[in-house]
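What follows is a set of structures for review.
What follows is a pair of complexes built around subunit A, which joins subunit B in one and subunit C in the other.
So, the complex of A and B:
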């Protein structure tokens, strides 16, 4: 454990605040950070704020920014759990079939009523995850090797169904493709509120097991011999991370690379132990997604799906990390 | 005391351990030998509750099947065969994992961790990452972790396999100096038998076929029969030939 790990974690909290302020200032109407701080002060202390600026800040930009922070946090922590439990550096939160399940739900939603897209995406994501878990149960506990294969198989199956619906039935292709690539354009305070509630209920469960996640990395037999109930901890952490990822996907679509890259960047800085990584990976996820979304909504072409930006940023980072590993 | 009654372990149709009964007293040192596939590691895994088995195993009077993982870990610690890991935990983090069955607190600064690291002679490696250690260094860290676990018994599965001559001697020295611990050690190394002493158990085809000590006059004959080889050839490999 290094003392700098504390400092870096605190630094990330400050970076998130700065990232939020910068993102608040950027948009069709530029608002300086001084104006933002002044309006926030006036808004909350009952003085007379600039209502045009306040409306842009509190009803247009801030709900979206908060959503980016929450979703980035969810994808960062879920990616970390997936990589640890599967002991696979290429693990991402969608490995258990979440994304393809959600795609089927979304496709059916676009076919019937767009208002149903988030609900159906969540339901089908959970169906896909449940199938993967049921297939991979062995002797009363999740067999992680089986779960990877089950997740891949279920993903192919659901992707085929989603592709069929999209190809043959849906006329609003731009809408569905935008959803599949992920975007935070529909953010509302209500959405933020419910996702925040889900996050503060589920995140402590994962944080609670961070010591066990450390030990599980050493190997199942050793973890068991040290007293860790590996079966229960794997099942609980994977289920809650799949649940929270399903909620995230149902809200904003399939945003790639955040869950994959955030834990890797975190490990490079604070090391392998989940003691800090469990906080650092989600904070990195929040910052990457927030910065990417700020770019996605500020391009000259108008808004583009944020998934394109995260992949543009994430892929080179991943290639760099792989290149470093190859040189070792 | 560890008491095993009529233990049978099956992997599908294959019987790995068959109808084995054994008692190991507190503080007793047992060297478990036998050809590859004779069921030695499976026996250790059964004691740790890692495989399903028929029969009964009691740890200090309590049946293994009725104990939680944590309770088993307080009775038995485990030194597995040398392994490689890509994960960059420091030696201190790794050794401190041994305290898990006693406390879920963050353990790094615990005196027991530092003492164990010192006892196995790797204080200079405390902050080194385990994926950069040599085989001998890692094995010492694993033993330190087992010491921190502070169980009544330590099970060791070929702790000197794949180590160089000097590391073998160092690891055997550490093990032979352990006090007040029951040891069950699987080994193919006859030097371990000489150095650690105590009880010798020979297994073949899942069955216990010999129990004695290294002083037993017919031990050489039993070893020859168990491994289907000539003991004179065995002697040639020893630093300290059998008496």
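So, the complex of A and C:
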């Protein structure tokens, strides 16, 4: 129980705030810091703010920044749950079929009406997840070994369907490709609001089970001897994290790597215990996604899909941490 | 040695011999004395044996240019998404709109010339060239490129004078439009290819050349590439006076902007405030996106939308 872990968690909270402020001042349109401060003042104290600047700040940038923080949090925490439950360092929140299910829904959406994309993506993500869970159910609990294989199989099946639709049926490929690589370009306050509600409902469930997750990490036999019903906890946390991941994917598309890399970075700094990790992994996810999205939306060539940036930023960080561990 | 072995050796020899005959037959049609060498839009030098009697088109633009110069009757096959003129829809289809084309089907048409575009993978073009079928790749980047491509086609197919007449006709129409609008101040325009994220027509796109021919000031012409994503921030700053929405975006009218998710941003954009929105139907979108003889309709349509006073 190192005091540095407390400090680091608090540091991450501050880092997130600074990250938000810095991101607010960066974008495809240059707005000087003084303009930002003046317009924030004018906006909140009833004077007449500059329409261009305040629209960009409060209706375009800020909702998008908040969305990045929420999605990063979701991916960070569900990545952590997946890695712990499967005891697999390669676990990522899409493992149970979320992303390929969502891709099928999105493809059907692009084929019919682009405005149905989020709804259909969510529905099909949940269908894929449900199939994986039903296949791997035994005695009312999920068998994680079965689930990982079921998830992979279901993912391949749904990917095939999505690819078929995209390749043969969709002529306007731009929207689909951008969606598949993920992007936060559609951010609005409404979207932020609903995802935030979902997050504050679901996150406490996972945080509540943090001690049980530690016990699962030690092993099922020890857990049983401590009187912990691992099957039930595994089922509940995995279902809940799949649900929240499906919501994230339906809002912003398939953003890779955040869910995989955030728990690893967290573990290297605060250790394996979920006591801190349950807060640190999502905060790291939020910061990586926010920084990546700021880059993605500010490049001079016009916006590029954020999934490209998350891998670009995340992979070297992970490689560095793995390299350091190897030397120890 | 038993007879089975002898029989199989004979069979192998016969098959090999007939294959080599067939192969040399394929290569026998080497360009004779009457050939023509032209350069296509990729800068490839292509030698075509004359006369050209059978042409396969793998893109609607190519099909339309062929008909416009009076060489439509030479076409033996085209694409599944050809729509103009009506005769083009009745030909066998060998290319699909996702860029796939059946080399087998193309070869089966025994064409003297294949007209491709950059949507087809280079491997398909190479395969056809290796089979001694000349392929011209046309990808007009702007309106004058259409003229040169039509003249090349006229040259190759023996319809040069009709090609010249068609080019002159197009030039006259576009000049007429430009004379009508020249006294009005330029209108800034956002061209939306896709709403989320907003894909637009960049400076190197064909659409951009139509917009500028029609007197529009494309707000995306300082971006790079043909189809960049434009940020909502940039649109707020540029505050376009008019917006054109391509077909197939799911947007059907102004309510997308006035009541949709981003209405807070859109409702103060000049084009939306002034209700200066044009949503293309399928045909209009094809005029705009397929470089060819129908491009003049695209120029007229955009100019009339931007400068309605000039056409009263």
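The working rule: the second predicted complex is superposed on the first by the 298 of 328 C-alpha atoms of A that agree within 3 Å, B and C clash if a C-alpha of one lies under 4 Å from a C-alpha of the other, contacts with A are read in each partner's own complex, and residues count from 1 in each chain.
Just so we're on the same page, a contact is a pair of C-beta atoms (placed from the backbone, for glycine too) under 8 Å apart; a residue touches a chain by one contact, two chains touch by 3 or more.
Small disclaimer: the values here were computed from a predicted structure and weren't measured.
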- request: Specify the outcome, clash or fit, for subunit B and subunit C once both structures are aligned onto subunit A.
  value: fit
Message: Of the two partners subunit B and subunit C, which one touches more residues belonging to subunit A?
response: C
- prompt: Draw lines from the C-alpha centre of subunit A to the C-alpha centres of subunit B and subunit C: what angle do they form, to the nearest 10°?
  reply: 140
Query: Between subunit B (first) and subunit C (second), which, if any, makes contact with A:55: first, second, both or neither?
result: second
- prompt: Touching A:192 in the superposition: subunit B (first), subunit C (second), both, neither?
  reply: neither
Message: Taking the superposition on A as described, I'd like to know which of subunit B and subunit C A:222 touches: first, second, both or neither.
response: first
Query: Regarding the shared-chain residue A:275, is it in contact with subunit B (first), subunit C (second), both, or neither?
result: first
- request: Return first, second, both or neither, reflecting whether A:211 touches subunit B, subunit C, both chains, or no partner chain.
  value: first
Field: Which superposed partner A:174 touches (first subunit B, second subunit C, both, neither)
entry: second
Statement: For subunit B relative to subunit C post-fit, closest CA-CA distance rounded to the angstrom comes to 43
Task: Jot down the residues of subunit A that show up as touching in both complexes, subunit B in one and subunit C in the other.
output: none
Of all residues in subunit C, those that touch subunit A in their complex: 97-98, 193-199, 223-225, 227-234, 236-237, 239, 248-250, 261-262, 264-265, 268
- prompt: Residues of subunit A touching subunit C in their complex?
  reply: 27-29, 51-52, 55-56, 59-61, 113-115, 167-168, 171-172, 174-175, 178, 183, 185-186, 188, 190-191, 297, 300-304
Task: Sort out for me which residues of subunit A touch subunit B in the complex.
output: 1, 139, 211, 214-215, 217-219, 221-222, 224-229, 267, 271-273, 275
Message: With touch defined as at the start, can you tell me which subunit B residues reach subunit A in the complex?
response: 45, 48-50, 52, 68-70, 72-74, 76-78, 80, 83, 85, 87-90, 93-94, 97-98, 100-101, 104, 106, 108, 145, 149
